[in-house]
């Protein structure tokens, strides 16, 4: 299967709309007679093969909007540019092989082929930071634009992927979503291709939001690791002393080909592998937690309480897929604390970690 | 199995309480050793057969409260009368046979025998609008009463059904719920029978609420389509320019006898079949979204953000079964947008659609 | 298997960290290649056997903090002492054998070996009230301390258990959580042992919170009944006329060894077994509802509406595991009403009951 390049035109399927060549891989198998839970590894293979064969819709072949069409920063705002590539890598879900909370060995294989967003310096010069989950955090203030030069650098799965952001404002060409025959250029970035997204930080963008793949095989590729964070602040707003973003998500065995289901925080499972968060008494903590799979979760931190958006004191709020909650407090309680999702099945399969306060 | 009519008395079971003749169909099979997910089509058949054999509890045979007992509108309020029948019809879950988002054919059979609420003109004269999901929207203002003349016109499943509203106030006889030996007349409307419900729009009724079957086989019959909406506004409150009500629900294959699970919006699955919502820049949009099955969902609209009830900006809030969230904004972003539930399994099985802004 | 007593030292495993003797029972089976849903009764047996063999971590052997280390009440506050033991008992999930709502017999066996918290008078003198689910409600006002003298009196399962509270403030030694090699004394209370927890009612503790086992086999033991409530009020705040706490939870058949799944309110399933709540017109009602299992629920009361924490009128809010919502109103609607979770599968398997208003 040859790798498609920007200079190779994508012929429209002779069979046109709904032809097999234009089918969306995932829905053919998972959205058909089976659900994600029922899908066998072979179904997943088939979905990937479909996705790799998919032709770019004609509507997505047109040149992306030029600089003149992209939104500009508001007066006083700036353009914040990022260079980000989607790439494949072997990912170890539990590098220590242990669960420090329950003092158990993590049984069975733990590595699989992940897809992640990797940040680079200007012009895709050098990688910035390790590739991982979540992808790079994109930051802006109200009035700014966030400009992402995105490259699909995956050479393994050979599928179109995208970046679709929540929270920020964008016109349709920067939506980053596959939409069948209505797909625009940013919604189908084939392997080897690049696309530049321009997103606006409007007053109603203030918050912490996910971004993720929304290409034609988005369910599988998001589960493989194609997700990250956008943070938009009020103009000049200070950052909290400690700011943490946690995606709570899972690795189904039919997707990873591993023997077991892992529930994870930022791509890792079980305390000692999941992020260990540190703070000191007196610091202001903001802990942003985002649902990263198809499940509903709660976020509990031992020894701490905080006000939710209604002003009610909570220590274990619930949230849904791609929904964000923020826990925020002034630290006053030193010790080693556990954080975890309070769904039994999730905490027992790895969705827990340490919070250390000095 | 003869059709029961109002003039045929319902003899109490000789076997009395807990006799087989008086058993609630659904619980006998689904609430017993099996859950809804485990139930075979044969279990569903058995539940339906039980429900069709059920005798009306003696408490429900007494004459319904007369006009003198029903609440009257508050000074300045009005009585809003509706004529609504429950009826059975063949329902196509995806009439186009296609998913416009993912450019796939919707495989396999898509039609099943649904149960829906149909509105009629005064005195059950003529049908008003097509029968479908959700049923007719009932509207009132604070101080009004909503009076529903309800007829069970189903001639296929031959079971007692009801209308149970959320949000509005009612005395027990207008609860519309089967309650075993405590059932009142509105809680068991046998095939061919009629019952008139009177519901009050009180100050704490302001909002958008579901109504649904709450008869003895309510789980199955609600999943078959017996649900609709009540909207109560402040006195004289203007309507938004565009007001949309979406039920997000599902059609389990054991209930529909179809080969696959469909996730649906207003009874339809997959973009191009689910409602295509239209608006123009400058209009005020109110999008009310209600959980219509046993699942938890989120509601995401591409390109848009809004304040939730806490004042926080969101673009993907979560909600539970028969819970309502409202997304409200002044439209400012033209284009073709996708709306969908962000639970992977739901969006991939049809819970998505188009939002078109000019 | 000999019962461990406080005077018997716990030798550290020769195999040290991650040795089989130090494995956490539950995770070995459930968190490994299986999930709770997949676990066979034999897996559960194995988890229990592991838990019964577990050695106390060395860190938990040190003397618990003495009175000098425990927090003292604030000026004007008091110390509220409770004596509570964990004990095993046979528990009938549906003592009437009937479902009054649906007029059905509850099929099959209904009794299993539960683990519950039982309150005693000072110095473990006499039991106070019946042992059951939820355990004793602990109450305090801002400025108070809640001091719980806890004894693990279980003689059947022979496992370490604890009390871990939400909402109140505590230093790590009073967290009541097993933390592997970082476990402190309150996180591993072996059979026959005692531990005294001191928890502070701080201003951000105001609310209604769960407490529950957080020992090394907490998922199973919480599902068996080890949970209860903490209520913290503002100083001098009056109590509502009627105050109800409902845990909405479930009994999976692999844990109970019964033939079927039960969904329960406070340990009982099906109307007539679940609590029947009573009130009179004019009374102020506060109904606190807490998620007690790994599921998400909603709480619906027929004939009533109330403001949620955002000020929005609701009659069916959703909540997650160990999350609390409070429904609060001035009673004005006499009759027999149903309350239930609106997840079909939960209400049909017993999560419903009566609310009687005179």
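Order of writing sets the chain letters: A, B and C. Residues in each chain are counted from 1.
By definition in this document, a contact is a pair of C-beta atoms (placed from the backbone, for glycine too) under 8 Å apart; a residue touches a chain by one contact, two chains touch by 3 or more.
Just so it is clear, the structure is predicted and the values come from calculations on it, not from any experiment.
**Q** Is the contact between copies subunit A and subunit C built from the same residues on both sides or from different ones, judged by whether over half of the numbers are shared?
**A** different
**Q** Give me the C-alpha superposition rotation for subunit B onto subunit C, in degrees, nearest 5.
**A** About 120 degrees of rotation relates the two copies.
**Q** Roughly how many whole angstrom separate the Cα centroids of subunit A and subunit C?
**A** Subunit A and subunit C have C-alpha centres separated by 35 Å.
**Q** What are the residue numbers in subunit A that touch two or more other chains?
**A** Where subunit A meets two or more other chains at a single residue, that happens at 296, 308, 310, 318.
**Q** What does subunit C use to touch subunit A in their complex?
**A** 17-18, 22-24, 26-28, 30-37, 57, 164, 166-167, 169-172, 175, 177-182, 202, 204-207, 209, 216, 219, 222-223, 293-294, 296, 308-310, 318-323
**Q** Going by the contact rule set out above, which residues of subunit B touch subunit A in the complex?
**A** Subunit B reaches subunit A through residues 98-105, 107-108, 259-261, 271, 296-298, 300, 302-303, 305-308, 310-318, 333, 335-338, 342-350.
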